[in-house]
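Could you have a look at this structure, given as structure tokens, before my questions?
Chain nomenclature is as follows: A, B, C, D and E, assigned in order of appearance, with residue numbering initiated at 1 for each chain independently.
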Amino acid sequence: MHDFASFLPLVITCAGALLLMLYAVCPKAEQEKASLMSMGFFAVAFFAQLLVVCTVSRSVFPETFNGLLGVSSFTNAACLIIYACGFFTTLSSHTYFRENHFATVEFYSLLLFSAVGMVLLSMARELITAFIALEIMSLAIYILVGFNRASSRATEALFKYFILGAFSGAFFCMGTAMIYGAAGSTRFESIAEWLAFNPATTPLMLGGAFFLLITIFFKISAFPFHAWVLDVYDGSSNPITGFMATALKTAAFALIANFLALSGNLHDSWITGLFWIAVFTMFGGNLIAIGQDNIKRMIAASGIVHSGYLLIALVAINSEHFSGAVIAYYLAAYSVATLGMFAALSWLGGEGEKRVNFDDFKGLAKRQPLAAATITIFLLSMAGIPPTAGFMGKFYIITSAITAGQIALGVLGIISSILSMWYYLRLIVSMYFHDAEEDFVVNGTSLASISTVALAIGTFAIGLFPLVL
Amino acid sequence: MYIDTLFSIFALTAVAGSLGLVLFRHPMRSALCLAVTMISLAGIYALLSAKLIFLLQLIVYAGAVTALIVFIIMFLNLREKDLPEENERFTYFIGGAVVLIPVAWFMIKVMKSIPEVKNSIVGNGFGSIKEVGQMLFTNWLVPFEIISLLLLVTLIGAVVLAGIRRESND
Amino acid sequence: MIEDYLVLSVILFCIGILGVISRRNVFTVLMSIELMLNAANLAFVAFARLNETMDGQILAMMVIAVAAAEAALGLAVIILLHRQKGRLDSNVFSLLKG
Amino acid sequence: MFESALTVMIFLPIVAGALILLCPAKGAARIIGFFVSLIVLMIGVQLFIDFDGQAGMQFVYSTPWISSLGISFGLGVDGISLLVLLTSAVLFPLVFCVLKEQSRNFYANLLLCQGAMIGAICATDLVVFYIFWELMLVPIFFTIGLYGGPGRLPATLKITIYTIAGSLLMLVGIIYVASCYHQQFGVWTFNMARLSALSLSGGFAGWAFLMFMIAFAIKIPIFPFHTWLPDAYTEAPPATSFVLSAIMAKIGVYGMIRFVLPFFAPEFISWATFFLFLGIIGMIYCGIAAIGQKDIKRMLAFSSASHMGVIAIGVCAMNVQSLTGSLFQIAAHATSTGVLFLFVGLMEERLKTRNIDALGGLAYRAPIFATFFAVAMLASVGLPGTSGFIGEFLIILGTVKYSMFLGLLTGFTLIVGVCYMLWMFQRVFYEKESETTTRFTDLTAGEAFSFLPVMILIFVMGIFPQLFISKIEPAVQQQIAQLYAPAQQQVVTNEISVTDK
Amino acid sequence: MEHTVNYLVCIPLLPLAGAFVLGMMHMFTCKNPLPEKLYSFLAMLGPLGSLIFTLIVFATLREMPAESRYLTQDLFTWFSVGDLHVDMGFFADPLSTLFLLFVTFIGSLIHIYSIGYMAGEENFGKYFAYFNLFLGSMLILVLGNGPVVMFIGWEAVGLCSYLLISFYTKERDNVLAGNKAFIVNRVGDLGFVLGVAVLFWGLHSALGGAGFDYLNIKASASSLTGGAGLAVCLLLFLGATGKSAQIPLYVWLPDAMAGPTPVSALIHAATMVTAGVYMVARFSFLYASFPLAGDVVAWVGILTALLAAIIGCFQRDIKKILAYSTVSQLGYMFAGVGVAAYSAGIFHVFTHSFFKALLFLGAGSVIYGLHHEQDIWKMGGLKKKMPLTWIVMVIGALALAGFPPFAGFFSKDEILFMALAKGHWMIWLIGVGVAGLTAFYSFRLIFLVFHGEPRDQKSYEKAHEPPPVMTIPLIILAVGATFAGFFNLPSFFAGDSMVSTWLAPSLLEHHSEASRVTEGVAMVLSIAVVLLGIFYAWKTFAFKPQDKPLTGFAKWAEDKFYVDEFYNAFIVQPWIAFGRTISNFIEPNIVDFPIKGTAWLYGVLGMLFKVFQAGYVRVYAIYMVIGLSLMSIFLSQSL
């Protein structure tokens, strides 16, 4: 197969985004059709990517695009996750916008654009390309967050996210500059060559990597760069929150993993730092999550914790034979559960997201048993109860940590997951063990409910057949 | 040397401008200070033999961006009461400066680790439009292309956020 | 000396950070971020001069573009905020918390 | 026995449970559940009959699952797991027979629980074990939370979070053990038998040992990790209390014997006295606490904890007699205290109260019930001739060998049990009839016939224990021999620092 | 010689089967009971069948040469774990056969008596089910081939005792007495089990995996070393003190009188309580090798005898008096086996079973006649109304007091003399004193009940002689109480010590010879003391005795020296209070504290972090900068 085939899914997504943008101009454009179209683009891109994964055995020539973009099994996996996230987000959106009327065609266009940015981010083998991809992704997401202009909450979320995101983006630039100063190039390949002969603790390299990491930490909401995440998730619409929580994190982790896997040298110099960040992220996230009454905020906080777990995997990755399988697997597991949660929330949230608090879901199991069951499955997966995907993900992460000699980190990760049990169970308790106070009327079968069920099945499927590994 | 002298002048202007930017209460003044900083920086780029960047800095930043900002400030017709009081900004500034000392110290240490090279104007093609352009369209094609995507997104965003919206269920 | 340029870049960068954390006026915050990006640009150009490769300048160019895009979007956000509350105090926007 | 018997035993209930959840017919749930559990019972009994005590691991089934880490879906039964397996297979139909529980959801959960428990018992791969081990908690969580008493919410959260906390720590231990094996032999495996080649001590292994121990100690529970138990057992619906005390707690003991003994032999030997002492404290402490209870179920809960302490003592005394005693007592305790929970459930169903003070004179109104209850109670206090004696006797005998003084303390189990049991029996079944009691009706023929097999089992186990012991004793001998054998491959684990430069 | 037979199992099995059948019948028909005759008939089958098989066993053993006089029957392996191999089997040798004989014989008699005594009772069927169960259990105890099998019977008789003491379950006190009996017995059982365990570990290398039964234990007993051996003896004796009501565990027996009187006769006088003596005799080979243990047994025994006799002198309840007398007599028996006079001890068990059963059944007749009046101060002059009962009671009292030639005289005197002969003169002295006390309280009972004026006219009017089904067993027992002593007529009276000779193969006994003169003097002395006791009782109680409140020492003795109160205050109440404290305070506040504290801390931290999420974008930026700053400090170090 041709080398460019690897980029086919990207091209499809990009074309989709542009087409939808053009479609938006058309006076008869309807957002519902646009949602179906974007669904189609994501699906096609996903299957194209799947085809790529299954058939392309050769890696891309390093000369392609001057080596600024690269493809590996890890990026392929990350792209798969991103496309799938996009697909399920459009499903949720389709349902969500039945009761919330602020969508336009541009919404889906931007969704596709942000997916393009994410895919580029995970493929980037050069820092400024990464920066631009990051900005494409971020800007598109900012807009999506603030899409509901009538809502002051959405606007506020947009504002916070934008200011802090731009603020953190500046660090990326500074970091890139420093690395450029040190290695004379921003291409990963050249940096790796340079690192082969120079220590990673060369001040410029150290400082550069530091500032780069800060931006990534911000994007993955690692402690202490986490504070935005609750407010932003809270303020944005359900499908977008799901998309942000999953695809964006996947892309950011793809970048950081690609970067750290450049050379063992670089990775080793960051182990201590990552260790502490991971620990603080896990525990900080837990302590924030415990006090939340709003499900979206709780999931946001739990997202912080999950980032902590992923950081454990980052600590433990072996740059000699980096496959990123553990990270990809965990991201997939996490994404499935989180997307499922938000699909369910999109479906059940009601008009203007009137049901968002734990108490709003009291007695759901009595009225909507299937919905309650699927939400339970997602929560159990996030909590890491076997045989869900979340458990296997956690299992791999702890295994990789212990194999890498980071036993303390493994233990701390486990302790954190014990702490996380409380707030996951709390929602289950709400749904099952209280009497219903309302009827949870939702209008019929919807795409979101289908996607919820599909994701619930996916949770088990990924857990029981971990094909990635 | 005249380069050093020019650098000192530009640097002082830039710092002064940036301080003004941060400390002036009214955004209009801040915007003007920003313009001052931008222009000083453009001069510094010139000193660093980055001709194209020098131009871009003047055109895009000092020109377009600052103008845009000023325009929006005027557009919003901000009055005194719309602006936050912000009497505490000096306190925060000083407190923040204290917090930032380690960061600055760290960064300066990092920066000072480079070999001592005397700046002098590099002649010929270095930083000229042609050379840079050639590189841009060969080695750096991908970022260049995807920047177009970025601008598209911004375009849509500006329309979606600030423009007139055709509501979906009209 | 090249490092003077870099130190200048650091100073501007830090002043930008200070702007972000000490100001509530959204405009000023936005401009402070622009300042930070500019500081990074300065570093790019200085390093380009140091390494005598032009890659740094191209990178700076990219950053200028990104900064412009960000500024544009930022201004759109500001307009939106102004429409919502009529005020540009960032502390006014604290509906989401806790 | 057909090759995949164990697989069927695990997945039949799980699939049936899922089907019950999906199928809308309400009345059928209980019948389906009963027949499924009956099939499992028959397979279990046939398996027991076909089991050859001398042959080690049997009915082995294994299929690779995650090859990169050497995880395979492996099942098998040996002498250590036989009785636990038998208990969980045999006693389950009873739950479906006697209690008129509410909804299909409940039965589905019970079936899931049975499948998961059998899975945990049969697994020969640590990961598979762990998965089932955690999985069995989920139905427990739901049954307590949905069908429990008034204080069910805190109770169910406490048991769930507490036990998960323990087992998650064990997960670290499991991975650590496998990684030690990997470090030493260069291959990944989670297979129990292969990992048994390790004999870890020192460094982090000590912590890993404690992680395993605490996980099992919470599940068993050993003092002072028992505090979830009274609430959970009391608030749980009777069937769940039965499952918890009769089977689930036993899997903790089983795990201790199966995993801790071989993997951490040196550590276990050096910690044994400590844990034995904890077992004794728990036995006496919970026994005394049981006296103060007004709620009959809570009293049984403490009694159960007290007995579990004895079983744990048997494991910690580390000789053939005590270990066999513990394994035997696992089954015996299920027939006695476990069944008592069901009786109390029946009582509560009829009288709507569990308060001992409100009861009295049940024996006059319900002689059959009283007799059955008395038999189970006497088995629980370890009367010779009933199932409870053999295990207790062997444990005491074994502990005396370990240490005369500790043996003496262990012997107190003979006394503490009767104190609260007799006093409770007096106030509930004897004395003057109370007003509440007049509503009581004796066991129906159906109920009596459901319980009859257990009553017979109590005596069979007391009089012909050799039927069971002969099948488990060789495995115990081997386990003990392995424990004391100088470790063939002593793994010296280096303290791995928190951060590596 | 063929020692294996296949009918031993029938001896315990018949009553057990009877118990099962009766129990089932009663359980399913208790709402409309079956006729009593049916129960009576079925209930008699078991004991009589056992009696017949016992006689066969006896006859078979007599055929055998004295040195190897035993029969065994191994049914199946009970359990076999490691070295420990326990067969479910039975073992009959002269010792067990003697027990079999009187247990089945007296058991049958009391069954017959009960038919009359229990007539018309509500739970007639249950009573006989329990009774049969008891008999079966007692026979297992006696016949078991090793300590573990014996323990089945040992505990089962305790259970039956519990069931029968609390037979009238509607009264709380009865059930409490039953509980007390069971729990106190359990304390003893703890000793027994531990003793067996220590014994096993002491012998297991010598046993080498062979069956853990008496024959093998005896064969390898020499390998038991000092400390362990002593421990075994003392622990087993702890078991015996529980079952046989010795200091410090005697307290349950007086309370056990709450049960029906035939139960007291059979279980708490004639058979079960002697199990401890049987056990010590069974392990005579151990006690003989560890004299210190023997001394402990003897001293505990004689002190119990003294204490119980003193208390017995001041009781008012007819059954309590007999109960204390039982405790006292059991003390004698232990004194006997303690000083290694095993056959004397066992012989006292034998005679005691006759006269004590007789006394209890007689007391039962009195109680029956007076419609459940038990206070002797409310009786009096019953001689006229119940002549037959009077006669048998007097015989019983004489036998109890040890007046020649009644049964008690020979056995008790044998014990006392053996103690003297083995040099335990203190024990002898106390024993003689106790004999005087025994004579005093037994005749105090006789005089107060049967002589003088009726003190409670109303119940006196209604008093009557019981029906023949009750009196016939009384007569048979009276005959036994009179002549049982002659079975072991010592050589002093030119007898041939038949019982001792019979028991000799089972017991490890070293006869000590003392001069005939000493024996004679001792005997005369003890008879004199007995006479003194009877005389004093006659003088005090035969004529218009005054029922005045006791004071001083007598009051103490009447209140049993407050031992029960002591146990209650220092063991039972603290135990219960501790239980309450645990469940109300320690469990929730101390043991659960780490859990609750963790949860609380977690919650508080959660609230704190909620505050940190202030909602101001500037604050979030400040967090970032602070983080940045800290990391910079950290990284600066590596520059």
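Just so we're on the same page, a residue touches a chain if its C-beta (ideal position, glycine included) is under 8 Å from a C-beta of that chain, and two chains touch if they have at least 3 such contacts.
Quick caveat: nothing in here was measured; it's all calculated off a predicted structure.
Peer 1: Please identify each chain that touches chain A as well as chain B.
Peer 2: In this structure, the chains that contact chain B and also chain A are C, E.
Peer 1: Tell me, please, which two chains come out on top when C-beta pairs in contact are counted per chain pair.
Peer 2: Highest contact count among chain pairs: B-C.
Peer 1: When the mean CA coordinate of each chain is compared with the mean CA coordinate of the whole protein, which chain is closest?
Peer 2: It is chain D that sits nearest the middle.
Peer 1: Please tell me the distance, in whole Å, between the geometric centres of chain B and chain D computed from their C-alpha atoms.
Peer 2: 69
Peer 1: Using CA atom averages as chain centres, what separation in Å is found between chain B and chain E?
Peer 2: Spacing between the chain centres: roughly 102 Å.
Peer 1: Centroid of chain A to centroid of chain E, CA atoms only: how many Å?
Peer 2: Averaging C-alpha atoms per chain gives centres 77 Å apart.
Peer 1: What is the distance, in whole Å, between the centres of chain A and chain C, each centre taken as the mean of its C-alpha atoms?
Peer 2: Those two chain centres are 26 Å apart.
Peer 1: Going by the contact rule already set, what residues in chain A reach two or more other chains?
Peer 2: Within chain A, the residues that touch at least two other chains are 128, 132, 135, 139, 142-143, 146, 149, 158-160, 163, 167, 178, 181, 203, 206-207, 230-231, 291-292, 422.
Peer 1: Among the residues of chain B, which are close enough to touch at least two other chains?
Peer 2: 92, 96, 100, 103, 106-107, 109-111, 113-114, 139-140, 143, 147, 150, 153-154, 157, 161
Peer 1: Could you pull out the residues of chain C that touch at least 2 other chains?
Peer 2: Correct list: 6, 9, 13, 16-17, 20-24, 30, 41, 43, 46, 48, 50, 55, 62, 66, 69-70, 73, 77, 80, 90-91, 93-98.
Peer 1: Can you name every chain pair that touches?
Peer 2: Those chain pairs satisfying the definition are A-B, A-C, A-D, A-E, B-C, B-E, C-E, D-E.
Peer 1: Could you list, by residue number, the parts of chain C that touch chain E in their complex?
Peer 2: Listed in rising order, the residues of chain C that touch chain E are 17, 20-24, 90-91, 93-98.
Peer 1: For the complex, which residues does chain E have touching chain D?
Peer 2: 23, 26-28, 30, 76-82, 84, 88, 148, 151-152, 154-156, 159, 162, 166, 169-172, 175-176, 178-179, 182-183, 186-187, 189-190, 193-194, 196-198, 200-201, 231, 575-576, 578-584, 587, 591-592, 595
Peer 1: Flag every residue of chain A that touches chain B in the complex, lowest number first.
Peer 2: So the residues of chain A touching chain B come out as 14, 18, 21, 24, 30-31, 65-66, 68-69, 97, 101-106, 109-110, 113, 116-117, 120, 126, 128-129, 132-133, 135-136, 139-140, 142-143, 146-147, 149, 158, 178, 181, 202-204, 206-207.
Peer 1: Flag every residue of chain E that touches chain A in the complex, lowest number first.
Peer 2: So the residues of chain E in touch with chain A come to 602-603, 605-610, 612-613, 615, 617, 619-621, 623-624, 626-628, 631-632, 634-635, 638-639.
Peer 1: Hey, which residues of chain D end up touching chain A in the complex?
Peer 2: Going by the criterion above, the answer is residues 66, 68-69, 127, 130-132, 134-135, 137-138, 141-142, 145-146, 152-153, 156-157, 160-161, 164-165, 168-169, 171-172, 175-176, 178-179, 182, 204, 207, 496, 498-501.
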